[in-house]
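One chain, chain A, links the two complexes that follow: it is found with chain B in the first and with chain C in the second.
Presenting the complex of A and B:
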């Protein structure tokens, strides 16, 4: 890890650690949502960033995790165990699903993964006896003060985010991550140099499923009520993709930086331009992607200064990272 | 002795087209075999069959006496069957070193990234690409990209290396360098199958030549005998070349 990244990590830890003490419930709420999206973005980064497969299944995994966790909780399973069960269920689901749809590439894969959200939402909506159908499902919650509950779920989401980040950090440096980057570049050539592409892609898809489901399960416990439209919301898939592209696809810091930047922009747009905040947010995201095409994580001040100095020189600098 | 590779009556069809028809031959350990024939004769298809890109419609492929037809490319790569592509297939945004590392790490099963990096560096030294190790593969010239293909397949630590037109598009000085490299690889004991249109290369490099025409094997023998073969002359070489060759070697 470079010194810059170590410093970023130290700042992140300090901010995350201080938030519950300095901010009120509003800050905790924003913090929990940001951490949730960090997990979802990291989840997408495994399949979309590293392996280059444009998955829209993130919301399907998130919703599956939310419902599996909620159903386990109503059946009396302890909370942490319910979350683990939800992650396990999504792991098994993504394994089976990956086996089928990872044969597709490009647009076909994207569409297939998109359809999964709709199918799961339909199933959950129709399966009244287990899921509560379209009316949603209430999740039992502990008898405690709102502050204590907010703090508890903040730290839970923080723990999951730390775990997801640690796994991503490790995978990106391992042969698995290296093989996935090869697949993203040229899948046939990857197969030819001895990479079991099916196995590698499936591993990435399962990692994606497990973490998105974990975020969904904690979310369900935190809000204590979910319904199909909320849990299987395609916006979750899209936000994950935008955040990762914003932060830097396939990088370790990208998803977290992207999630933080997106949420900060969202807050800024929402509090300053209430009426048109989604429009303003869209423009800001487009500007960022235009001017930092490889993501925030690749931002380097010396590079920018050099480029500005050689503004009228050779265009070669523009192709560098 | 069990041959390194044996094809028994291998056929491959695409829709109604029979690209390879009932081809049988054997490769001995350490041979350099030329695979020649006119365009569309099925040479690349044969390489694709052996390296697992396609499964044969009928027939058997045996590697060291074991059936390998229908195996996935990554399994064959791990067994030591490597090939280069006529149209080079690098990982464009990765560095030259990373490209070769992938082969060391996965096909040659080097344990860990550091070991793979060291093994890859050796192949870069061998192929003369070491000074370009940290450049992205997409910045290389065509000659160097062909070299990178070679370095990649060498890093797979193959027993059998199939070279699909590694000299196409190179100038004569670059061809000379490439030939030197191929000889050095053969000297390591690697069995080589080379698809080549430059007959001079085939004649000087190969101990044996296999000729394909319309997917059929029409000749298999020493280069000198093959150029005398009437079917080869009419299908591929042309009478003029055969005459010239005969006069020069008379």
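Presenting the complex of A and C:
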């Protein structure tokens, strides 16, 4: 870690540690959401940033975690155990799913991962004996003051974010991270030089699933009510991608910085332009893509471009215009 | 229950699905863009038809032309002004951009038209005909025929017109087409405009059959995805086959497993197909 990054980390720890003491419930709520976004962004970074696979399954994992956690809680499982169960369930699910859809690349993978959200939402909606169907499911919550509850979930989300960050930090430096970066640059070549691409991609996908599900499970306990439209919202997937692109894909600090920056902009839009909030979010996305080439170009490395062009047989950059 | 009835319902729906998917498939095949805006364009077309009917009493089957022209022009401007700037970037970039545009357009439509579900109620519905125990809803049949006619016009345009050949050339080899003097950026804009036109026309026809709200766009988008993958990306014939297949699947899937599972069945089939036959039922043959 460079000196600059160490200082950033120190500032982040100081801010996170001070937040429950300086602000009221509003600050805690914003803090919890920011940490949740950070987890979701880190989760996507494993598969999308490091391995370069355009995954949209984040919302599917998030919703799965939220529902698994909520169902476990209503069955009487203690809270922390319910969260772990949710992460485990999502791990198993992403392992099975990854086995099937990680054979696909590019557009096909993007669509397949997107479709998973729809399928899970449909299943959850129609399986109402277990999930409560379209009416949603209520999660039992502890009898405590609102302040105590807000602080508790803030620290829970903080713990998960710290864990996710530590895992990402470790993975980025390990042979796994190296292998994933090779896959992003050229999967066939990586395979040829002896990297077990199937194993590596699946590992990244499972890590992505586990952490997104953890965020979903804590979210469900925190809000104490979820419904299919809320838990399996494709916007979660899109937000994860936008945050990582904003911060710098494939980096360790990028997802966290992106989540913080995104949250600041999002909260600004919410509080000032309630009616056109999603429109403002859209404008933000468009501006980011069109006019913030550094955030984007850290992802669209020349080799990624080359791979995409090679795959789709459409050569050349600006020369064709 | 009469199975012919279900087959017929599926085919009538399938015609509209084909029209939705043909434009989506065209943009995907030629521009290599997954156009997340497509669903919103369909809804926009439906609103043109709805207000054309509400204010001026124009039948949606007529106003589909106006809807196509208006939304087509809108699509041309969006592609020229915004999407062309990043059209060669990886899928994630263009997809994120079109998703941002989709958020803006849906928000704008929510403000302008509110979230209420609306549907065009015709004063003089054509009613139903009965043929050998099978009921034929005539309005839906005409809608399907018009949708297929639109697709037919676009297909002929791609084969016969100068700009149509340019589109096919760019799809086949962008760089070679450019060397042959094809203006690639303009061809992209025209392709996007044609796609938007088809979307709006389909939306107008849909307004008679489905209740429309700004948020239904994503439902149509999901169906367009499935159809494209079913039929094969970038092929008009594939879109027709895929659309009909999805229509029949939803009809019979609803019969066998209950209507609430129709979408799940389609999506599960989609994943199976993606894995075992990623080139689609019809394969990649172009136009």
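One rule holds for everything that comes next: the second predicted complex is superposed on the first by the 271 of 321 C-alpha atoms of A that agree within 3 Å, B and C clash if a C-alpha of one lies under 4 Å from a C-alpha of the other, contacts with A are read in each partner's own complex, and residues count from 1 in each chain.
The rule is simple: a contact is a pair of C-beta atoms (placed from the backbone, for glycine too) under 8 Å apart; a residue touches a chain by one contact, two chains touch by 3 or more.
Please read these numbers as outputs of a predicted model, since none were measured by experiment.
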| item | value |
| --- | --- |
| First (chain B), second (chain C), both or neither touched by A:110 | second |
| First (chain B), second (chain C), both or neither touched by A:155 | neither |
| Touching partner for A:268 - first (chain B), second (chain C), both, neither | neither |
| Partner chain in contact with A:190 - chain B first, chain C second, else both or neither | first |
| Which of chain B and chain C A:141 touches, first, second, both or neither | neither |
| Which superposed partner A:282 touches (first chain B, second chain C, both, neither) | second |
| Chain A: partner with more touched residues, chain B or chain C | C |
| Touched partner set for A:178, first chain B, second chain C, both or neither | first |
| Residues of chain A at both interfaces, chain B in one complex, chain C in the other | none |
| Contact set on chain B toward chain A in their complex | 51, 53, 72-74, 77-78, 83, 85, 89-94, 98, 101-103, 105-109, 112-113, 116, 152, 156 |
| Chain C to chain A touching residues, read off their complex | 28, 32, 34, 82, 84-86, 88-93, 95-97, 99-108, 111, 173-175, 177-178, 184-185, 218, 222, 225-226, 229, 233, 258, 260-261, 263-264, 267-268, 270-271, 274-275, 278 |
| Interfacial residue positions of chain A with respect to chain C in the complex | 48, 54, 100-101, 103-104, 106-108, 110-112, 114-116, 118-119, 122-123, 125-126, 234, 238, 241-242, 245, 275-279, 281-286, 288-290, 296, 299-300, 304-305, 308-309, 312-321 |
| Contacting residues of chain A [partner chain B, same complex] | 173-175, 178-179, 181-182, 185-186, 188-197 |
